[in-house]
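A single structure is presented below for examination.
Chains: A, B, C and D, in written order; residue numbering restarts at 1 for each.
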Amino acid sequence: MGKVTVQQPDTETVAVPDGRLPGDVHMWVMVLGDLIVFSSYFLIYLIYRSMDPESFLRAQQHLDINIGSINTVVLLTSSLFVARSVLSARAGAHRQAIGFVYAAGGCGVLFMVLKGYEWAAKISAGHTNSDMFFSFYYVITGVHLVHVLIGLIVLGVVVRELQNPGRRRTWMVETGATYWHMVDLLWVIIFGLLYVMR
Amino acid sequence: MAATTGTTEKTETTARTLGWAWVVLVVITVASWRLAPAHFTDTVVASTGVTALVLVLTYIKARVILRYFMEVRSSPRWLRIGTEVWLIVLLGAVFGIYLA
Amino acid sequence: MSPVRALTPDGYVTTADGRPAGKPDVRIMTWFFPLWYGLFGIIICLLARVTPPPRPDVSTADKVAFFSQNGLTIQLGFVVLLVLLGGAAMTNGLVAYQMKRMSTGSVLAYGYLAGMSVGALPGFLLVGVCFLTATLRPDRDPELIGLLYDLGMLSYNASLGCFTAAYLVLAIAVLYDRNNIFPKWFAYISVWQIVTEVIASQMVVFYSGPFAWNGSISFWVAVVVFSVWLGALIVILRNAAAAEPADEPDMD
Amino acid sequence: MQILERVQDLPNAGNIKAQWVCLWSGPAVGLVLLIAAAAFPGFWPPMSPTLPAEEVARFYAEHTAWIRFGQVTFNLCGILVVPFFMVIVVQMKRMRGQSHVFAYCYLTAVVSGATFFALSNVFFLVAAFRPDRSPDLIQLLNDLAWIVFIAPIGMLLSQFVLLALAVRFDNGPDPVFPPWVGWYSLATGVAIVPSAAAAVFQTGPLAWDGLLSFWVRNGALAAFVVVMFFVLRRAVLRQAIADGVVAG
């Protein structure tokens, strides 16, 4: 009954050959599991929405679509930075890679600030969680915000990895990037289901 | 696992492909911005057409993020198929519940 | 291996060819872990009636009726659980022991031990005591019975912080560990447990719907996540116990 | 115990000294708790679960001061017993034939059990805080206090079982505790098990004022602490000699 030893991918190739898992397999367990857990939240949201579509739609009208859209672009941009950072790390341009991670983290912080402003504005406008739509809104975006916060910690770990000349393992950078992209992916779906759909 | 020669070139992630992926994602986001219920001051009505369009756009965006940013398109088969199935089942179920 | 022997600690934690593996005392506790959770699960579901949870959105008269209809099984279930409750300490102590073997050392193991041992009171004892007090005198003022019902269920379902702290230190320990005592993915699963605790905070607000204490999101999704987590932990503890060299010295 | 001068400042000596202090805290705290128990009017005889609400309220109104004294002392000194149990943990960690897993499980159980005990004092004290409250509320607080005080024996039971297991596994030529301690520990565990039923029965030996739930349970626990004092004293002394801290 030996322990499962995980093959760490060979890190030094720049081109990605087919069939290679980017990053750490343990992180993919997390990502796939998280997608399933979030999916259950989305489906339960839809079930409650279909029981009372009119009031959900009315409440959706009170969301700030401008901030929602800007936040989507912010998060997409941060994902681009993280993806570029992986390319730089593979190419051995570690300083550049660190710069990209910082840029991505900055976008993450901006996302949280905008989200906080959006929450504060909604609460002061009287949209508390006594409304069914808004209770979903606060819980789903709140849990997503926790994921963003964890993501910032993950990016911090990636920066430390890249700063240390003795380390700089590309699979670590890929692992962090995988997590960050998942945060982005979840937000895109949240944006569609909470802000845009009718 | 073994890739046929030639496909390796195609699935290589470059700064250029990432940039294009980002452009596609942002364009779709701006397009969805036009569709949102919050744009209308008078009462909006439910619209199956808009919802279907939104779900299709969400599908495209999620797929772009998965395949290009997360590099799923060059990953093992189980992951490519798994994420694809997950996305279709989720959005299909969303639409099914919406219609029900 | 005979089927009877497979049910003993020596038959449960074995090498690939069926010989007892690891240390005998750790084998006993590892074997006890699923046994206790199995018993616990059966009792809280079938006898004590706290899982699946009774509804938060019922009248005081309904709460009184709940206790009078289920009084006997509640009393039987919770009295047995008061006797068995120490199993929680034993199972948590085992996890702390395995955490101490990690290269992260004692600090996180002690954090887990502290969080979990404090959590036993709000997370379990209080609901047992409230339900037993309610069934002790069914003719009490109905408002007080209703109070005990709410106090018990809220403390049982919304005791968030103790377990959040324990899951957090567990996740950190597993991620930093270089001895590979637990697999890394288990750390990520522990993070989901934290997320479900965060969502469970909504139980203090809602009487019905997905975020109430019997809600689809705050209760049922959390139960599924917990079951996955616990199932994984059972397997992982068994593997960790089997992989432990029998002569490994203990760290102080 | 006379610690040798030349090892006075070594870590071994510090360990022994700390254990010695915690060991002797046992009888000291035990004495205070006995006084508190003697002063608490609710124990002489233990209040009956069958008392009507009005009489419970009157009891708290008439004996407010002594109830407060007894329970405040329990609250202050009850958890002071924990260091004594920590000596047991440390000695369990010295036992051979086992890893530290029993000791850590024992430690977890002691901490949880202590939190339970602390809760019951609070209920007693809140009931005595405003005895003019509605009698139904006083009775509710009194029920909660007694049930939390007597019934949750699971953490204690697991301690006795773990100690018994640890002694059983201690297979060295010179075991830390003599083998009979394991059996005695198990017997104490058996003696306290019935009191879990105090949360259900209002009369008879299982009620919280009954022979089994009150007298046997609390008597067995007190006797265990007394016996363990002498067992631990011997174990710590022998450790001190083995570590070269005192003359053999």
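Following the convention adopted for this analysis, contacts are C-beta pairs under 8 Å (C-beta built on N, C-alpha and C of every residue); 3 or more make two chains touch, one makes a residue touch a chain.
On a predicted model such as this, the values are computed, not experimentally measured, just so you know.
Taking A-C and A-B together, the pair of chains sharing more C-beta contacts is A-B.
Between chain B and chain C the centroid-to-centroid distance comes to 39 Å (mean Cα coordinates, whole Å).
As a whole-number value, the distance joining the C-alpha centres of chain A and chain C reads 30 Å. Measuring from the averaged C-alpha position of chain A to that of chain B gives a distance of 15 Å.
Spacing of chain B relative to chain D, judged by their CA centroids, is 62 angstrom. Counting partner chains per residue, chain B shows two or more touched chains at no residue at all. Residues of chain A in contact with at least two other chains: 47. Counting partner chains per residue, chain D has no residue touching two or more of them. In terms of which chains touch, the assembly is arranged as an unbranched chain of neighbours. Shown are all chain pairs that touch, namely A-B, A-C, C-D.
On chain C, the positions that touch chain A within their shared complex are 14-16, 21, 180, 183-185, 187-189, 191-192, 195, 198-199, 202, 205-206, 209-211, 216-217, 221, 224-225, 228, 238-239, 242-243. Interface of chain C with chain D (complex): residues 23-26, 28-29, 75, 78-90, 92-94, 96-97, 100, 109, 113-114, 116-118, 120-121, 125, 128-130, 132-133, 135-137, 140-141, 144, 148, 248, 250, 252.
The part of chain B that touches chain A in the complex is made up of residues 1-3, 7-9, 11-15, 18-19, 21-22, 25-26, 29-30, 32-33, 35-40, 43-47, 50-51, 54-55, 57-58, 61-62, 65-66, 68-71, 74-77, 79, 82-83, 86, 90, 93-94, 97-98, 100. For chain D in complex with chain C, the residues that touch the partner chain are 49, 93, 97-102, 104-109, 111-112, 115-116, 119, 136-137, 139-140, 143-144, 147-148, 151-159, 161-162, 165-166, 169, 193, 196-197, 199-200, 202. Residues 1-6, 24-27, 29-30, 33-34, 37, 40-41, 44-45, 47-48, 129, 132, 135-136, 139, 142-143, 146, 150 of chain A touch chain C in their complex.
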